[in-house]
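Next, two complexes with chain A in common: one pairs it with chain B, the other with chain C.
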Partner chain A sequence: MIVFSWYRGSNEKWLDAYKDPVASLYTLTQCITLSDVQADGDWKLIIADLGTGTFDMKLKVYKGTNLMSENTIIDLPTGVETFYMDTHEPRTPAIAVASGPYIYVYKNLRPYFKFTLPTLEVNPVEADLWNQVKEEKINIFVLREMLEGMRAEGTVLTVRSLRFLQLQDITDCEAFANLYRFTPLRRQTVITSLATLKKSHADEDAISCLVLGTESKSVYVLDPEAFTVLTTMELPSVPVFLSVTGLFDVEYRIVVACRNGCIYTLKRGTTVTTKNCIELNSQPVGLQRINKTIYVGTMDEALHCYTSKGKKLWTVKLPASMTTMEIIDYKPKGFKAVIVALSNCNVHIYKEKYLVNIIKTDDVVTGLKFGRFGREDGTLIMTLRAMHRTFQRDLYLLRLNTAREYVKSLENRMNPISSDPQEPLKLNATVQGIGPMFKLTVNLQNTSLSNPSTNLLITFQYDDKLYAFKNSFIEVPMLVPGLNYAFETYVECQSDKGISDNVKVYILRQGKSIPIITGIISMPCTDVEPIANVKKKNQDDF
Partner chain B sequence: MDPLFLAYSYFRRRKYQQCTDLCSQLLEKNPYDQAAWTLKTRALTGQVYVDEVDVDEEGIAEMVMDDNTIAQVSRPGTSLKQPGTGKGAPSQGIRPMSQSGRPVSGFVRPGTQGGRPGTMERAIMTPRTAHTARPVTSASGRYVRLGTASMLSTPDGPFINLARLNFAKYAARPNLAKALFEYIFHHENDVRNALELAALATESVQFKDWWWKVQLAKCYYRLGMYRDAERQLKSALTQQEMIDSYLYLCKVYVRLDQPLTAVEVYKQGLEKFQGETTLLTGIARIYEGMNDMDNAVKFYKDVLNFDSMHVEAIACIATHHFYTDQPEVALKFYRRLLQMGVYNGELFNNLGLCCFYAQQYDMTLTCFERALSLAEEQTLADVWFNIGHVALGIGDMTLAYQCFRLTVANNNDHAEAYNNLGVLELRKGNVEMARAFFQAAMVTSPHMHEPHYNWAALADQLGDLQSSFNAAKRAVEAFPDHVDSKELLKQLRHHFSLL
Partner chain C sequence: MGLFSKLASLLGIKKKEANVLFVGLDNSGKTTIINKLKPEDAQQHDVVPTVGFTVEKFKNKSLSFTAFDMSGQGRYRNLWEHYFKECHGIVFVIDSTDKLRFAVAKEELSMLLDHNEIKRKRIPILFFANKMDLRDSVSSVKLSSMLKLEDIENKPWHICSSNGLTGEGLSEGTEWLSREMESAIKQQN
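Showing the complex of A and B:
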């Protein structure tokens, strides 16, 4: 779901421009960007769609309100940026999509280059284990045990080992190990955040470097032409939000919000990061910077403002928890503000600490972007959490789970109705009585049009300490289609403890061990205390 | 520490087993220690104590061989056996009926599932959701099992040998008699001896103790002597007004099938004990039983005014709103239950349904998923059935079919699922399969009108007018206001008369 609203300077702050409730986009602020990708002065909207969250990920480019191009992304995207990578005319920027350990670069809306993050060192013990598997010195059980031990100790394992440990079935494990044991073991990390940094000129269309934060707690700066790592910086925790200013060749600042709830500032040439560290009270939800002030939204429903030195200026309490935040930088009016999306379906705009405007939406906003779109300077783009999409995703899952359960019940022949067209049978069983003697009636019906069923048997599975069947094996005569046949037997409850159990009825074909259909009967409890004499007399009656 | 003091402490902390063990030791040393003897009696009773006022299920004997009935055909709205026309309640086509011809309740209590069966065969058949056969008579083993009493008790013989007890001696000593009575009544479940003791005891206090009168009434009630119980309770109430006595008296009237008198008595009780939720709940239950939903909901709301955490009231109001086309309101009530800490499959199932019908689609399937993971074997079938309904709502017939099949796999006599499977098979054109499913539904739940009508309509199309006529008649019997069945019947009659 996507809403476009255009900024106007008049009394009416926003003008609803376009709304598409069935765009079925699932995206976040980091995955939306606006850029003039064709150098024709008509700015496009570029969105990395997370699809269902597991598959169907797409890079979508909108021209105005129309979808212009669509590229499939293999893994979940974590960030989208556009940057100028050369000085060629016309000045068309490239699109960088961060996804897994890769950065996919698109030029002219076509795939151009794939950058892979440098691999990390593999734990020597783990590497040795897989080597031994390769040489067939140890079997998969030993491997599994050793890996599990390593994981329990807190060793960081490779993706392959983790996947191997996830497998439940022994045959799956074996197949997995056989398939992968000859490929070299590698440990890759994953990109968590993506930003750009101008290289040597501050012009709008100057060449930019890519700045990436990774799961291995480091920040890389990439050269835009050669795609080599220019600088690597280590952090105490995993970076999640990046905000970059300055020029790479002169002086720059990278403000990084990390998963440990701290914000670090990285400068050119720094190696020690703990200086100027801002410690937050809660996890950060968004990080933005206007000039020299840093705005951080946190999970405790607050918006904080800090100086670049790390001094706190003010805190605003928000009415609901924040979902995402974005900067409004409207150059024609010189207006800079922070825009915050809240979980109560409101979007607040803060000019410094003053709330200046509220936009109400139909649903919770997950992605925000302000910038130039088409030929309009001030456009705000909001993507909403689509209720319908959630439902659709859940529905896929439910269909899958239902189908699984259904197959399971078919495999176990647990159904009282046969799904085999060769054996069209239906069973239902009733129990009558108050105990300890019950009458169990099995109703069998041939549901076919004209084929009689022959050679069938009825048998029961029960706890012989609890129940005694008078007839635990019944031979079924030929079943004429469409008629209901009732077969009866007496069941005696042997226990006086007032407990009951399930009894299973199997319909079998002579000479086959797998039942055609199964019925489960939950037996009622006995109500009368069995008295020896009465019991005897009853049995005589039968 | 003094062992007797310690035993008392255990008793107060409800550690009955430790208390009993300690008392046994004391009694071994001194068999005539009355304090220890009384305490042990009370501890043993406490282990198996069941609140007499609430737990009640009519046995087969009471129901089928009821000789208290005054009029076989009572005026509508005055009897629980023939519930009224349904003031303020949605029609049977919308709110499903239980076997008794009463709308399903929002809260499963003893007796809400089965209802009064018409024939002996129905009576001994296991009702679907309750899944145990009903007790033969309520004076039988059922009570013993509810409290898991004497059957599993002491290895070295019973604590008190009732046969050798001189009741007259104990009856004269009120401090021992009350504990002894409760022991006989609850632990030994020996109503006859309990009655004898109570009769002697009430005599020895010159009929001045209301407590003994209530106990006498309890015994009479168990023995099915309702009029005697009524007399004792009324007498007890003139001496001392107690909530318990009111509740018991109403229970007697309900058993005598005089719901209006019972409501009267409840209201008398409310004058004395204003805002007593047990009394208010009692009235609401009776109105619910008489199919008078307007009044039932009114009283449940009264209950909530005094006790906003009353689960039964919240659940019943929610169900009422759900079936009167206000799923959003029902959702609010169910969410309240969730906030209160009720966390089970049934609740999530209801939440899922409410979300679906209130068009809050993002939560619907999550709720059902939760319900599936929390549900026990018996409720699992119902959860699948409801997911099947959601699938029907979104037009996914394959999913619906699978869900209903899973329902039947989990519960072999889920008549509603059989009926729906029949309709789905019919849409696919498998007439024989459809017929088999409708028949299965008719056999397992004859009180439902849907399978009868469906089969009647199908048979009519197939040209089997005789079966169609019979089935349509049964449908009208189950649901007298069902327009389609009546139309079909009229058409068939017309057809027959032409020939």
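Showing the complex of A and C:
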């Protein structure tokens, strides 16, 4: 669900503009941006939709409330930004989508360029192991054992090795190793956060560099024209939120919130950072900056404010845990505040440490964006957790699992002799006749020594367009062990096209839906034409 | 009023003058509509976003209009109220495709109706649900219920769908407006 509201600054602070309960979007604050991507003064909403989390990831562009364009993204998106990469007229910005180890750049809403993060060094032992597999010096069991040992020691492995270790089945492992052993081993990292940094001018439409944080604990600054890495900076932990100010060519500050619960400040010229750190009591959930103050929301239901030097100014206790945060910068009224979405379906607005406004929503907000949209300043866009969607997905999974189990059980019983020791039965079916009427005989034998079988049923599965059964359901009397019982029914073939099909016989126990045994009967073709047709033909001849 | 003009208006040769205020959000089509109402030889080909406001004059059968074409951009909207005092009629133009900003248009309208100069006066208000030719436009009936026009008290109002580019629906609206304004002016005299 997606909700739009307009900020009015006056008594009634928000105007409810539009609500789309069936937008079925799953997105986060980092994956929403507003930009004049067509340079027509009508600002568009750009959303990277996470889809189901594994499928259906899309880059969506909304013009007003209408979906204007849609591009499929291959992997899970982790950030969306727009930036000016050249000085051409008209001034159309490019869209950058971070996904896996790649940055996908779109210009004029079309794919334009794919940037791949530089590969990292592979552990020499790991590389050697895969090399030996390639030369067939070691088998997969040795490989698996060695890799497991390395992982236990805390070595960072490549994605290929990790995937290999995940595989449960030995045949899968073998197939996997055979498939990949000839391709060179590479270690790639994943982009965790994306931001932009103006290159040499501070104008609104000046060329910007992309700033990326990666899972390999580094921050990269990319050149917007050549897509080369301008600067690499190392951090003690994985960066998760970035806040960037300044100009790349002059002086800049990148405030980075890391997964270890620390905030670091990177400047022009830094390559390795260990100091300049704010230590939080808990993991960060959001990082924003207004002028020189840093606002951080943490997992322990608190909002903190720090100076850029790292001095704590204040802490506000939140009534519930925070899901995301965003800045309100409403220029017509010069109003700046922090907007915080909470897990109790409220959205709080803090002007400095004072709560100035509360918005109530129907569900938990997962994504927030404030800015210019369409032709008007001050839109707040809220994406809500899609309950319906979660429900739908679970329902699908349930159906899939049920179907799988059912197929499995049918396949297991696809046997004329019961494998279940509780139901020792033997099935044998014969077809007699030359058609179109056949006689189908099902022979059942209780193969146990002393236990009689009771409450059994015989039923058939067949194409009802092709066959008509006189008796498609037969109740079986008690079966005495060792004796052979024959049950007969007549089957009429309905088609005169000379085709035949398989008919399945199920032996069921009353009250249970899984058959005890299943028999497949391959029906013979009809040799004689149906009598009605013969009669008709004869009449035609006269 | 001079002797001649008095005589002329008595004889019905000279038309009565009316000030009409054109308001509405930016990009709703106010300037385009005024452009279409002007005589054909005075029309412009290119319409650009209005900065501040412009004044245009045109006539129809009974009245001579002085149209104040106000800019609809956010930063100029506070200029509107300065012209409320002298106006005889208001034309509120709405982009009927811009669903997202109906809430903003409604807000601006209620601020206009609540203004001291407008509140107690019986000023006719004409609404143009403009851009009716576009595929995702909202009908005038739906628009009037979305903007809660039925709640307007003590003022005659009328809404019609229009297309500022072809001129469709404009004459219906302006005829209604001039009728209303004429009767209001007569009452004043």
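We take it that the second predicted complex is superposed on the first by the 412 of 542 C-alpha atoms of A that agree within 3 Å, B and C clash if a C-alpha of one lies under 4 Å from a C-alpha of the other, contacts with A are read in each partner's own complex, and residues count from 1 in each chain.
We adopt the following convention: a contact is a pair of C-beta atoms (placed from the backbone, for glycine too) under 8 Å apart; a residue touches a chain by one contact, two chains touch by 3 or more.
Bear in mind that the values here come from a model prediction, so they are computed numbers and not experimental data.
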First, second, both or neither for A:Ala17, with chain B first and chain C second: second
Partner chain(s) touched by A:Thr270 [first = chain B, second = chain C, both, neither]: neither
Greater chain A contact set [chain C / chain B]: B
First (chain B), second (chain C), both or neither touched by A:Asn471: neither
Partner chain(s) touched by A:Gly482 [first = chain B, second = chain C, both, neither]: first
First, second, both or neither for A:Val431, with chain B first and chain C second: first
Which of chain B and chain C A:Glu376 touches, first, second, both or neither: second
Partner chain(s) touched by A:Gln494 [first = chain B, second = chain C, both, neither]: neither
Partner chain(s) touched by A:Ile521 [first = chain B, second = chain C, both, neither]: first
Residue numbers on chain B that touch chain A, as the complex places them: 60, 121, 124-126, 131-136, 140-142, 144-145, 148, 151-152, 360-362, 364-366, 368-369, 372, 377-378, 387, 394, 396, 399, 402-403, 405-406, 408-409, 412-413, 421, 432-433, 435-437, 439-440, 443-444
Chain B-facing residues of chain A, complex: 385, 387-388, 390-391, 394-395, 397-399, 401-403, 405-406, 409, 414-417, 419, 424, 426-435, 443, 445, 447-449, 481-482, 484, 496-498, 500, 519-522, 524-529
Sites on chain A touched by chain C in the complex: 4, 6, 8, 15-18, 42, 64-66, 332, 373-377, 379
List of chain C residues in touch with chain A within their complex: 25-27, 73-75, 97-104, 106-107, 136
